[in-house]
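Presented below are the structures under discussion, each in the form of structure tokens.
In the two complexes that follow, subunit A is the common piece, with subunit B as its partner first and subunit C second.
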Partner chain A sequence: MLELNSVTQQFRNNQKETVTALSDVSLKVQEGEFVSIVGPSGSGKSTLLFITGALLRPTKGEVYLMGEDIYAHPASYRAGLRLERIGFVFQTFNLIPYLNALDNVALPAVLTTGSRRKATEKAEELLRRFGLGHRLNHRVSELSVGERQRVAICRSVINEPALILADEPTGNLDPEMTHEVMNLFAELNRNGITVIIVTHEEAVASYAERVLHLRGGILQNGG
Partner chain B sequence: MSLVNTLRLSLWLSWQELKGRKTVFFINIALLALLVAIPVTVDLMGRAREASVQRRLDYIGPSLSIVPVGITSFELATAQMKNRTLSLEVYNKIKRDLSALLRGIEPRLITNMPIEGKVYPVIGIDPATVYSYPLIRYSLGKDEALIGTVMAQKTGKSEGDIIRVGNRDFRVRGVIETTAAVEDIAVFITLSVLQEMTGREGEINEIRLFPESASSLERLRALLKSFSVPVEIIDSSRGEVAEMQVETTLRRYQNLLYAISFVLIAFCIAISTYINLEGRKKELSTIYTLGVTKGIIFHLIISRTVWIALMGALCGNLIALFVTMLQGHQIPVREIISFETLELTVFMTFLIGVGVSIPFSLYAVFRQNLVEYLS
Partner chain C sequence: MNLQILPLLLKETRFRWVVHLLTVCLIAFVVSLLVTQGSLNRSAEDKVNELTHKLGRGMLVVPEDTDLQQFYLMRYGAETMPEDYSDRIESSHLGKHIQVIEPRLYGNLTVQGMDVILVGRRLQFPVSSDSRHELVVIGSGLARRLGLSSGDNLVVNNHKLRVFAIVDPPPKGYDMAIFAPLKTAQRILGTPGRINALHLSGCWCELDVPALAAKVESILPGTMAITVDGMAKAQIEIKSTMEQYSVIFWIAGGVLVTASIAFLLFYLIHKGRREIGLLLSIGMSPGRIVIKNIIISVATAVAGALAGYILSIPLMSQAGRMFMRVSLSPSAQVLPWLVAVITGAALLASFIPSWYISRLDPTKLLREE
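And now, the complex of A and B:
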């Protein structure tokens, strides 16, 4: 499903020094797997996720998603991948503040179907399934933290992606909500979606089938 | 995604953003509306004034002027009569032969005299025959004068004041309404008094004719041409030269006002777009993550400006119309509304909005690291 080959990522900081965020990372994830990558802050977790999610071209190495070297294709191809094949969930939810819950979830579907009506119907069905049927027309600021994260998860799955990438999805949640959200990811995984979560908490990582450790940009127990 | 769907999505999403940030939206529109309203108000008020003058002239009716041979319409309009005169025979013949076609016939003597120290036109009119000024019909005393609006401004005189014409004082009977012609800067006194003051007893140099109707105007022209007496016939219904000068002056200022406004509009849109983009880095990064192409993000930023520009321009035009109507010109709205002005301001504001936001959009999409703000 997903294969990273000797991926290295380097940046220039403000002092024009080269910083290596990821060093020679190789990883294979099978279809339908639930993988978590654990590491402390600054270990390169988010960078790894962005590279995997076709958001950031690596300095060296290749990324294969469903057999295709995604960075060998133009930007429009990768945009299409993110729209139809990959779903993202972030620690700070990253919902659009001026849209209500329904429109936030529907947005990716509007982009694929071209029809707001169809997208909205699909979004409503999804939100009801996730217990948010009473929050459809509420703006983001009116939702609780747990509700926001569930809206973000709904948004990530509305186009039925093959892969979900979650960057510290429980970072802002209390233990009870963390448990709820992780169970949601587990349920999505049982329905056939490949899930990769990056987190700094071992407890959160333990929900996954396979746990990998990332430290100083190096993947410790290899993929 | 097709271009049409891209534009639809961009317009919808940018509209949602503006609705969600009502205060900022309102401030942007109010600012643009104000910048549009100022030049449009000046433009519409100028048009309202011209419509007002035109209405009055239409009410009075079209007129012809008979003047001595060699006097041009420009010279008549600027009261430069070169001491030429018309014979009383012409006046009597017109009165006798053409009265059935006329509502009124005014003999006049036009000259230039010192008034309060400077030289201005002085026009002698016969109160018994005057048609142009209902204010003094049949009664203008020998020591009384009428003054035009511009004369009133220049001399600071109004009804009841004393004005010195030549070496004689006259009491101002009233200020006549503007006709956008040389009469605005003239003083009117009784014909016989002016003839006496200038030593030109019995002389006139203009006969103003007021036909019964537009059709009788044409007959009148034809009949006058058949007179064997040599005269010049001038259509003096609009004071064209003076009006043209007024219009040219106004248009010069209007164009300058529009230019300044458009520059300020560009400046405001630039600042607004910059501030908006600075505050939306995370949101744009998120949209990019969802699979939106950079092209759509580009259109999204432009669409926001299009909304603000169009609504600002429309509101500005409405404000200008409202302010113009408050001036009490008593002109129907349909005569003041100018689609030219509306088209110009809406089109230019739209064009400026799009033009100014393009470099910001390009920078946001292609130079900034859209991933940087995700975490």
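And now, the complex of A and C:
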């Protein structure tokens, strides 16, 4: 499903020094797996997630998703991949503030299908399934943090992706909400979606079938 | 561009309506000034053409102190010249070039509370059986207002007049005029033996017209001779100067519109950095985001242009009354220029923000707090 081969990522910081965020990372994730990558802040977790999600070209190495070397293809291919095959969930939700819950969830489907009506129907069905049927027309600012994250998860799955990448999805949630959200990921995984979560919390990571540790840009226990 | 994304644009516009409204207002203000200036230019040109057409190949001789601007606005002063100037020019060596010499005395009167123009000229009327009333011809507007018809009497400045005929339609601008024989007009205005205009016409195509005017002025001391040729030259110079200023004015307007749209786009990009990061992360291509921005900039510019054109209607009416003493409306001929300038400005304005978007790194945008 996903394979990273000797991926290295280097940046130039403000002092023009080269910083290595990821060093020779190799990782294989099978279809339908639920993987957590745990590491402290600055360990390169988010960088790894962005590279995996076709958002950031690595300095070295290859990334294969469903057998395709994604960085061997043009940017438009990767954009299509993110739209149709990958779902992102972020710590800060990244919902569009001027859209209501329904429109936020429907947005990727509108881009894919071109039909606002179909996208809205699907978004409504998802939101109801995730217990947000009473919040359809509420703006982001009117939702609780837990509800916002559930809306973000709905958005990530509306195009029925093969892979969900979640960057500290429970970072802003209380323990009760964390439990609820992680159960949602587990449920999505049971429905066949491959889930990769990066987190700094071992407790959150424990919801996954496989836990990997990343320190100083190096994957500790092998991929 | 997927048209289904348009509701997203509308919602974004509604969410940040203040900055959109401010931009539209600024563009509307600039556009209204451009339209007003352009239309005033054109109206001034039309007015000159009309005047030139009126004068044709004639020459107008007036007392040298005459305020020409007021004269053309039909507000006549007290300046006069001797009536026999017409004979003097006829008997001069220039007489052979002049086919028609027409002495006139123009004046402003108030008749029963209404402003009336008196035109004294050489008129031939049948001899009146009633020697107490002098015969005149009046414009149809005056006849209507005073309820007069042919044969009716009226009193002007204690002079008893009888309407010999009504001119319908009257010459342009003479709707409220009384046309009287020169002597009658002189009596009414209290200027016996005086005139304030001498209309000359002839064929002087082969003559040096400015030199001819100078000769006329030397034969008739204390006068100035105005020719179409001189007026046309003066107007061409004025028009050329106005056009130079117009170009500067339009360039300045274009720059201002471009800057305001560019500012709007940069503001939207700045405020919506995380949204752009999100849109890129969910698979919207930078090209689509660029098109979205171009739509915003063109729509804002068009909205501003329309608002500006509408705003220019009262503005022009006011400016026309102030500068040209007529009520003007925006010229439709300005519209193609306006559309070209505004669309160009909008496209130009979105160029740098679009390039900026294409350089944005979504991973950095998504990490921003």
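Just so we're on the same page, the second predicted complex is superposed on the first by the 223 of 223 C-alpha atoms of A that agree within 3 Å, B and C clash if a C-alpha of one lies under 4 Å from a C-alpha of the other, contacts with A are read in each partner's own complex, and residues count from 1 in each chain.
The rule is simple: a contact is a pair of C-beta atoms (placed from the backbone, for glycine too) under 8 Å apart; a residue touches a chain by one contact, two chains touch by 3 or more.
All of these numbers come straight from a predicted model, not from anything done at the bench.
After superposition onto subunit A, the partners subunit B and subunit C occupy overlapping space and clash.
Contacts of A:L56 after superposition on the shared chain: both subunit B and subunit C are touched. Across the two superposed structures, the residue set of subunit A contacted by subunit B and also by subunit C is 46, 50, 53, 55-56, 75-76, 79-84, 88, 90, 92, 94-99, 103, 107-108, 110-111, 114, 116, 155. Residues 46-47, 50, 53, 55-56, 75-76, 79-84, 88, 90, 92, 94-99, 103, 107-108, 110-111, 114-116, 119, 155 of subunit A are the ones touching subunit C in the complex. Touching subunit B in their complex are the following residues of subunit A: 46, 50, 53, 55-56, 75-76, 79-84, 88, 90-92, 94-99, 103, 107-108, 110-111, 114, 116, 139, 155, 167. Chain contact summary for the complex, subunit B toward subunit A: residues 1-2, 5, 9, 12, 16-17, 19-21, 282-283, 285-294, 371, 374-375. By the touch criterion stated above, subunit C contacts subunit A in their complex at residues 2-5, 7-8, 11-12, 14-16, 274-275, 277-278, 280-286, 361-363, 366-367, 369.
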